[in-house]
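Please find the structures below.
What follows is chain A paired twice: with chain B in the first complex and chain C in the second.
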Partner chain A sequence: MEKQSSSVVVRLLGSLVGYMRRFLFRFLSVGPIPRHMAFILDGNRRYARKWKMDDRMGYKVGFLALMRLMRCCHELGVKYITVYVFSIENFKRRPEEVQTVMELMLEKIEGLIKEEGILNQYGVRVEFAGNLKLLSEPVRIAAEKAMRVTAHNKSLVLVVAVAYTSTDEMAQAAQECCRDKADRGSQQQQLVELADVERHMYMAVAPDPEILLRTSGEKRLSNFLLWQTSNSVLYSPAALWPEVGLRHLVWAVLNFQRVQPYLHKRRNHLYLSTQQ
Partner chain B sequence: MIPLVLFHNSMSSLKPCRATKTTTGEWPNGARENEVIRLRGYLNQEFMPKHVALIMDGNGRWAKKRGLAVQDGHKSGRINLKYLTYNCSNLGIKMLTAYAFSTENWNRSRMEIAFLMTTFEEFIQSLVEDLMTRHDIRFSAIGEKSRLPESLQSAISKAEEMSRTNKGLHFVMAMSYSGRNDVVEAAKIIAKKVERGTLQTSEIDEAMLEQELMTNIGQFPNPDMLIRTSGELRLSNFLMWQLAYSQFYFSDKLFPDFGEEDLLEALASYQYRVSAGFESDWK
Partner chain C sequence: MLDMDFVHLATFLRWIESKALDLGDRMQKGYKRIWSSGDLGLYLLWLIMHLIVSIWYFAVDLVNSLESYLISSGFMKQYKDLDISKVRYLAVVLDSEEALDTMKVLELLRWLTVMGLRNVCLYDPEGVLKRSKDALSLWLRSEGANGDALVKQKYLNLEVISFTDGKHAVAKAANFLLKKHYVNADAEVPELTESDMADALAEIGYAAPEPDLMLIYGPVRCHLGFPAWRLRYTEIVHMGPLKSMKYGALIKAIRRYTMVRQNYGT
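Right after this comes the complex of A and B.
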C-alpha cells in the first residue's frame, strides 16, 4: 500500500515538473527558437575525477546528460542537434582511452537503434559527420546501420561529429570539389565556388547552428564547426558536461533571442555578399 | 521578442584576482596607472601569446552612448588601435591581426564606408610616420584588396613595401576580409593547380590548404588568442581556419574604451589558462 502511494506521489511530482517545464518552453517560444544547436561535450573526465569514478563511468554519465538535453531540445522545438563526440586530435591519446570511448560508442549506438530505443520513440534521425574511414570497422558498421535504420524519422536530427575536425572537413570538401570538377571534364572554365564547398561538407545535412554551447568554461572552438559558426552565439558555462541542465539551455536560448534580429540580418548579408 | 533584463555577463573572462574599477570605465586619480603596473607584474614573458587577433567592435555604440556621430566613434577607435599596437609592441607580442572591415560591412551606408576608408588611410599614415620608424613595426594587409578604393590600395602597398624588412611587431590589418572567402580562394588556387596537372586530387590535405590561405604571411599564422570587444559572443566570419585552437576572450568594453589595462587583463586571463595546462578533452 505504502509503496503504491509513494509511487503515485512520485508520479504526480514528475508530471508536475514536466508540466512546468513545458510551460517554460511555451513561454520561451514567444521569441524565436534556434533551429540548430551545437554542443561540445567537454568535461567528462574531469567530472569522473571529481566524483572519484573511473573515466568510463564519467562518459556514461555524460551520455545520460546528452539524452536528457536531447529530450529538452525536442520539447523546445529545436530541429537539429550536433554533438562533438570525438575529434581526430583525440586519436593521439593513449590507446586504452581511445578504446574505452570506441567501445562505449559502439554499445550506445547499438542500444539506441533498437526498436523500442529512444531514437525511434522520439522520431530522431541520426547522422554521423566526420572522416568515418578513421574509425574501426565495428564502429563504422554500427554507425552506418544507425543512419540507415533512423533515416525515416522526421522529428529531430541528431548529428554526431565523430572523427571530425573542421579543417579536415574543409580539406575534404576542397578535394571533393576538385574531383567533381575533374570528373565533369575540363571543357568549361569552372572555378570552385562557395556553394560547391558547402555542398561537400560533412555538415551539409544541417543548417548553420544558431548556438554553440561548450561546457566546462573553456573558451575555444577546438576545430569544431569553424565554417558554420561565424554568426552563432558562443556560450561557455563553467559547468562540466555531465552537470549541464535545463538552466544552461534556457540561458543560451535567451541570449540567442537577444541578438537574433541582428544575426538574422547578418546571415542574409553573408549570403548576399557571397553571391557577388 | 521577450523583453529581458540584461544580467551581468560574468562569463566574459577568467581573472586570477578581482580588479576593482567602476563600470563606466572612469578611473579615480592615478588608479589606472596603478592597475596597469599591477597587471604587468602578473604577466610572464614565457607564456605571452605570439599572435593576438582582435575584433574591434563597438565604435558605433560608443558614439551613440555619448551622443556623437558614428564617425567620431570610428575616429576614437582608430586612435585607440594605434595605442594598442604600441602596447602590444612593448609587451613582446609578435603578431597582431585586427579585423578592420569585413565583407558584410560593404552593406553599410556609402557615407560610412567612405569615412571608414579615409580612417584606414589616416591610420596607415600615422603608422608609417610614427610606429614603423620608431618601433620597427611591419605592416601587412589581408582581404580582397581589389574592392578597396585606389588611394587606400596604394597607401597599403607603400606601407607594406616600406616595412618589409622590419623585425618588430607584425601588424596585419584585415580589410574587406571574410574567413569563408579565404578558404574558398585557397580551394580555387588548389583547383587551378589540379587542373594544370601539377597536383593530384588525392594529394590535397589540410597542410596544403593552409599554405594557400591569405594569412600565411609572417611567422605565426594562427592566433593564440582572440579578443572581441563590446560583449558580443561570436566570431563574425573572421579568421575561421586559423582560430581552430585559439582562446577567446570576450570583453564587455566598447572598442574605444578598451585600454591598456583591459589588454593586460585579457593577456593575464590567457596566461592563466595556458600555464594551468589544458585539462580539457579537446585541444
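Right after this comes the complex of A and C.
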C-alpha cells in the first residue's frame, strides 16, 4: 500500500515538473528559438574525480546528461544539436582511456538505434561528423548503421562530432574540393569557390549553430566548429558536463534572444559579403 | 565652446530619436507577434523574464565597474604583478561599428603597450580597421617618439585583419593546392593533411601566429569570423562594448589568462 502511494506521488510530481517545463518553454518561445545548438561535453573526468568514481562512470553520467538535454531541446523546438564527443587530439590520451570511450560509444550507439530506443521514439536522425576513417572498425560500422537506421526521422538532427577537429575538417574539405574539380577534368581552369569548401565540410549536414555551449567554464573552442561559429553566441557555464541542466539551457536561450537582432544583422552582412 | 555644445546637443537628440525609433519598431513587431500568437499573457511573462535578466546584467556591470576602478587605482594588490610574457600574441576582435571610433581604438592600443604587450592583432569583420591602420600606426609611432627613452622602445607589432583573411583565405589555399597537386592529372595525388593546408596558407601570404588570448569588444561574445585556422586553442574573453572599456577590466582579463592551465586534449 505504501509503495503504491509513494510511486503515485512520484509520478504526480514528475508530471507537475514536466508541465512546468513545457509552460516555461511556451513562453520562452515567444522570442526567437535557436535552430541549432552545439555543445562541448567537457568535464566528465573531473566529475568522476569529484565524486570519487572511475572515469567510465563519469562518461556514463555524462551520457545521461546528454539524453536529458536532448529531450529538453526537442521540447523547446531546437532542430539541430551538435555534440563534441571525441577530438582527434583525444587519441593521444592513454590507450586504456581511448578504449574505454570507444567501448562506451559502441554500447550507447547500439542501445540508441534499437526499435524502442530513444532515437526512434523522439524522431531523431543521427549524423556523425568527423574523420571516421580514424575510428576502429566496429565503431565505424555501428556509426554508419546508426545513420542508415535513423535516416527517416525528421523531428531533430543529432550531429555527433567524433574523430573531429576543425582544422582537419577544413583540410579534408579542401581535398574534396580539389578532387571534385580535378574529376570534372576540363581544359579550362576550374576555381575553388568558398561555397564549394562549405559544401564539403563534415558539418554541411546542419546550418551554423546559433549557440555554442562549453561546460566546465573553459573559454576556448579547442578546435571545434571554428569555421561555423562566426555568428554564434559562445557560452561557458562553470558547471561540469554531467551537471548541466535545464537552467543552463534556459539561460543560454535567454541570452541568445537578447542579442538575436544584432546577430541576424551580422549574418546578413556576411551573406552579402560572401556573394561579392 | 558654444559650437561644441550645440554639436553635443544635436548628437544627443539624434541618439534619442534613434532609440525611440528602435523602440517603436520593437513594439510594432511585438504587437504583430501578440496578434499572431493571440496570447498577451505569455508575451507579458516573456517581457518580464527579459526585464529581470536586464536588471541582473545591470547589477553585474555595476559590480564590475567598481572592481575595475579598484584594480586600476592599485587597491587590489594581487593585480600589481602581471606576468605579461605568457601572452605572446594577443587578438582583439571589434564590432565594425564600434571600430569606427578610432580614438577609442588608439586608447586601447596605448593601454596594451603600457602593459608590455608587443604583438597585437586587431580584427573587425568589415575591414574598418584596415582603413584606419595607417593612422593608428602613425599615431603610435609619434607617441613613442615624443615620450621619454623608456617609452621609445615600446613599439607595438600591429597586425590588422578582416573577414576576408579568414574563410576566403582557406578557399584561396584550396586553389593553390589544386594547382600544385591536381593540375597534372597523371601524377600521383597525395593525401592532403593539415600541414599541407598550413603550408599552402603560408605560401599565399596568410601565415600568422595563433593568438594565446582573444579579447572581444562588442555587444556579443562572438568571434565574428576571425580566421578559423588560428583559433584552435585561443582563450576567448568578452570585454563588453568598446565605448565602456576599462583599464581595470583589461588587467583582470589578462591576469586570469595567465593563471589558466591548458590540457590540449590529453
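By definition in this document, the second predicted complex is superposed on the first by the 275 of 276 C-alpha atoms of A that agree within 3 Å, B and C clash if a C-alpha of one lies under 4 Å from a C-alpha of the other, contacts with A are read in each partner's own complex, and residues count from 1 in each chain.
What we mean here is this: contacts are C-beta pairs under 8 Å (C-beta built on N, C-alpha and C of every residue); 3 or more make two chains touch, one makes a residue touch a chain.
Because the structure is a prediction, the values reported are computed rather than measured.
Trainee: When the two structures are laid over each other on chain A, do chain B and chain C clash or fit?
Mentor: clash
Trainee: For A:Arg26, select first, second, both or neither according to whether it touches chain B, chain C, the two together, or no partner.
Mentor: In the superposition, A:Arg26 touches chain C alone.
Trainee: What is the contact status of A:Thr167 with respect to chain B (first) and chain C (second): first, second, both, or neither?
Mentor: Touch partners of A:Thr167: chain B and chain C.
Trainee: Touching A:Thr100, do we find chain B (first), chain C (second), both, or neither?
Mentor: neither
Trainee: A:Ser216 in the overlay: touching chain B, chain C, both, or neither? Say first, second, both or neither.
Mentor: The answer is first: A:Ser216 touches chain B but not chain C.
Trainee: Looking at A:Asn131 after the superposition, I want to know if it touches chain B, chain C, both of them or none. Which is it: first, second, both, neither?
Mentor: In the superposition, A:Asn131 touches no partner, neither chain B nor chain C.
Trainee: Go through the superposed model and pick first if A:Asn153 touches only chain B, second if only chain C, both, or neither.
Mentor: A:Asn153 sits against neither chain B nor chain C.
Trainee: Both chain B and chain C touch chain A; at which residues?
Mentor: Comparing the two interfaces on chain A, one with chain B and one with chain C, the shared residues are 27-28, 30-31, 87, 89-90, 165-168, 170-171, 173-175, 177-179, 181-182, 191-194, 197, 219-223, 226-227, 229-235, 254-255, 257-259, 263, 266, 269-270, 273-274.
Trainee: In the complex, go through chain A and note every residue touching chain C.
Mentor: Touch residues, chain A against chain C: 26-28, 30-31, 87, 89-90, 92-93, 165-168, 170-175, 177-179, 181-182, 185, 190-194, 196-197, 219-223, 226-227, 229-235, 254-255, 257-259, 262-263, 266, 269-270, 273-274.
Trainee: Can you tell me which positions in chain A touch chain B when the two form their complex?
Mentor: 27-28, 30-32, 40-46, 84, 87, 89-90, 165-168, 170-171, 173-175, 177-179, 181-182, 186, 191-194, 197, 216-224, 226-227, 229-238, 254-255, 257-259, 261, 263, 266, 269-270, 272-274
Trainee: Help me check something: in the complex, which residues belonging to chain B touch chain A?
Mentor: Within the complex, chain B touches chain A at residues 1-2, 4, 6, 11, 14, 103-104, 106-107, 178-181, 183-184, 186-188, 190-191, 194-195, 201-202, 204-206, 208-210, 232-238, 240-241, 243-250, 279-283.
Trainee: Touching residues of chain C toward chain A in the complex: what are they?
Mentor: 33, 37, 42-43, 45-46, 49-50, 53-54, 125-126, 163-164, 166-168, 170-171, 173-175, 177-178, 181-182, 185, 189, 191-194, 196-197, 219-225, 228-229, 231-238, 262, 264-266
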